[in-house]
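Worksheet: one structure, shown below.
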Amino acid sequence: MNAENPFIPYLATLLSTADLTPDTKFLTVELDDPDVRDRFDYKPGQFAILSAFGLGEAPFCLVSVSYRGRQLEFAVRRIGTVTNALHELEPGAKVGVRGPFGNYFSLEQYKGSNIIIIGGGIGMAPLRPVINFILDHRADYGDLLIINGARTPQDLVFAPEFATWAQAPGSRLELTVDRGDADWTGREALVPDVVKELKPSAENAIAITCGPPIMIRFTLIRLKELGFTDSQIVTTLEMKMKCGLGKCARCNVGDKYICQDGPVFTLEQISKFMEQF
Amino acid sequence: MQEGLDLMPQIRDKARELLTSGAVDCVIGYERASDGLTARPLFAYEPNDVDKLIFDQTCAHNLARFLVNKRDSTVAIVAKPCDSRAINLLLAEKQIQRERVYVIGVVCPGIVEATWGQIGDKLQARCQLCREHTPLVYDFLVGEPPAEEPPAEPYHDVAEMEAKSAAEKHSFWAEQFARCIRCYACRQACPGCYCTECFAEQLDPLWVGIRIAPMENEVWHIIRAFHLAGRCIACNECERVCPVNIPLSLLNRKLEKDVLELFGFRSGLSAEAVPPLATFKKEERLGMSE
Amino acid sequence: MTQIISRKDLLSWLERLIGERIVIAPARSNGMVLFQRASRAEDIVLDFDNTALSPKESFLPLSEALFTVDKENGNIKLMPTTVDEETVFFGIRPCDARGMALIDAPLLAAPADALYQQHRARTTLIGLACSQAGPECFCTSMGIAPDDPSNVDIMLTKVDDSYIVQAITEKGKALLPSDLIAESEVMPPPAPSLQAVLTEGIVEVMPGVFEAPYWSRLADRCLHCNICAYVCPTCYCFDIRDYIDEGSIERVRSWESCQSPGFTRLAGGYDPRSTKGARLRQRFYHKLSYFPEHFGLIGCVGCGRCVRYCPVNIDIREVISDIQKLGAQSEC
């Protein structure tokens, strides 16, 4: 982060864009200043604020892992003014980057545990670096179960990586969609129902989930039925964040600022918030 | 303030009756404010609450503004004549259902100038120009309808403004709008401003930029006034709540006057008449050829 | 011995300051007293209860560019806004000075908000003790005295036709006009007494009444305008967006309020705090619970502006005392 003036973004160049789904693009961005590029370390779960100059800035989780390379990767779903603008950019365009912000998944602490990743739609974005981190440090973790749902097969965000995830030792990838198409041979079920069907054991396990509010709500119910305690369930909150610095108070929930105290929380921490989000 | 105005017992009795019988879920009226002098809105849900109800010349708020929030329940509302015009507007624009609103109309002696902690002895400017002293829509009427007097000439200040040059008008309004802090109290107090998403908050398309600055303030105020042209019922709540004293009524009444002259229309006089600028008729071609 | 300055000399000092730097001071405008940039000392109002709007606007303006985007032959350069001119802010009341100190807590916490920090650093605060209290005033309930000099650089206290001058900080000392100040035996007058509301224990009571139906009932009459937040000397929420004007791009920050409908609405439309009751509750929880949890002080200074300007009389003193009652009931 730019300590001198944290509202001034670092300049960066959009290296490439690729369509992940009909409404989501994969953006690869490189910071222009080599010193900044070297310093810009981040951990799975952290986010950055991307600027499309003239249209504004918005927070996005970093979907890359810091140690694999210096290029920053984002999965941007077209949903508002800033995301529209980012979708229109061509490679070579200048963007702004502020960050990294927020806390991260306690991957050190999860060592030795079985990990269950449950993601829906664009909610897979913050989970991708977690999956890749675990696959890169395979021996440190137990079994990896990935349950990934989306509305349709075309909306599964990280499809090009599914083969890698599924074939890694000790890992299992379960896909589901709300509505299949002619080519779809997999599940047509809601994510919480898949959790119920697969019955992952709560023993020595951590469940990490992210997705639309309605999916989260029912997934939490299913996990609790399976014996997961609040401290075994981790999620990352999508709350309107603006400044990323705990100042503008947009993301204030209870006595927490999502951009500083979060976005990653255990359910145990969230249940201590007074407000329901 | 006018002495001997004692409409309170009748309002309370009716409110108690409506709540006790279950005819309504809530009575929207007035209670004494924390300064012990002025009034504020009261939402009475229990028969016990009705003893807090008051009515006097400090009861400025147009309570019709709250009706859209209570669409899902049946409510009674204490309505002055100007408020009753707002009820008609909301009925005409199909924002509320007549059978879900019980109107306790009050014959109005006029509201005095007051701010929190201070009551003046002068009637509000809009009350000095008031043409209707008896509510236009009610289920129960409190007070004796007075003989209606011919109204004072309501647009003398508008005419004065009209007589100025365009440059003078612009510099006057630019100065007024420049001090707006865009708290949107004018919008929030207005019974006619009920859009689920106001244009001022829309991002795509973007109508008003983020800056709270003269140019954006001007856009805000002009579009606000135009959206209320021929719809404004002249309760003047917008001006009363403005924390920086912008004379919004002057703008609203200019448009009121124009709509009156062009269409012979005054808003809120009936529950059936849709404001001319809120409707479109095929035969109105406004001089445009096919 | 105390140092005093006569009213006449105070005005000449202000006139001198106006020649040297920006002076912001209370002045009459459209039936209100507002802090405005002074061009003549004679326009400065010395006798007033308090200004209609709080002083925060001088430090956290309604709108301000954080930076501009300089596009020259395809290269982008970001030009941060800087505050270069020295300002004297005259006539700030003790409550409002505490208000600035409260806003400092979040905005100056590392990493500091650079622009706000510059506004604060470039400004010398000259406080004016209150010789009378308005009916809406309750600063003493928030631990502030009407003559509290804690958060200003220079404090002035009116005695007859003169002012007792106290230099509180080094910055204040440096600004004092030694030629206009006399020694005197006068004693400061007693501070005015004012209405109190019981704030003791409120922070502890708040968590227990979060689910009370009280909030949605209170919100019945709330208009959800932004008056309370915008007149408040301690509300500091803001929004950030870009602004394009004829090709030039600015990143602008503007005031925003937790009462406004878009405050928590996410791109795509989901709004976790969509109900009126929840939004109004957020205002009081931020002031009476979350802010004190984070920074140790209640986020209210008892200036009473929200009491005076709320169109539907949501009176924070009444809310505090209602909450105390609710808390006491739930303990039984």
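Brief remarks on what is shown
The chains carry the letters A, B and C, assigned in the order they are written, with residues numbered from 1 in each.
Simple rule for what comes next: a residue touches a chain if its C-beta (ideal position, glycine included) is under 8 Å from a C-beta of that chain, and two chains touch if they have at least 3 such contacts.
The model shown is predicted, which means the values in this text are computed figures rather than measured ones.
Taking the mean of each chain's C-alpha atoms as its centre, the chain lying closest to the overall protein C-alpha centroid is C. Seen from the C-alpha centroid of subunit A, the farthest chain centroid is that of B.
If each chain is reduced to the centroid of its CA atoms, subunit A and subunit B end up 48 Å from each other. Our note on geometry: subunit B versus subunit C, Cα centroid distance of 32 Å, whole angstroms. Annotation: 39 Å between the Cα-based centres of subunit A and subunit C. The set of subunit C residues that touch two or more partner chains comprises 239, 241-242. Multi-chain contact residues, meaning those touching two or more other chains, do not occur anywhere in subunit B.
Multi-chain contact residues of subunit A, defined as those touching 2 or more other chains: 80-81. The part of subunit B that touches subunit C in the complex is made up of residues 33-35, 38, 40-43, 61, 65-66, 69, 115-117, 179, 181-185, 187-189, 197-198, 201, 209-213, 237, 240-241, 243-245.
Within the complex formed with subunit B, the residues of subunit A that make contact are 80-81, 84. Residues 203-204, 206 of subunit B are the ones that touch subunit A when the two sit in their complex. Per the touch definition, subunit C reaches subunit A in the complex via residues 66-67, 69, 76, 78, 80, 106-107, 109, 111-115, 207, 210, 236-242, 244, 249, 251, 253, 256, 258, 263-268, 270, 272-273, 278, 282, 285-286, 289-290, 293-294. Across the complex, subunit C meets subunit B through its residues 29-32, 52-53, 62-63, 134-136, 217, 220-221, 223-227, 229-231, 239, 241-243, 252, 254-255, 257, 260-262, 276, 307-313, 315, 317-318.
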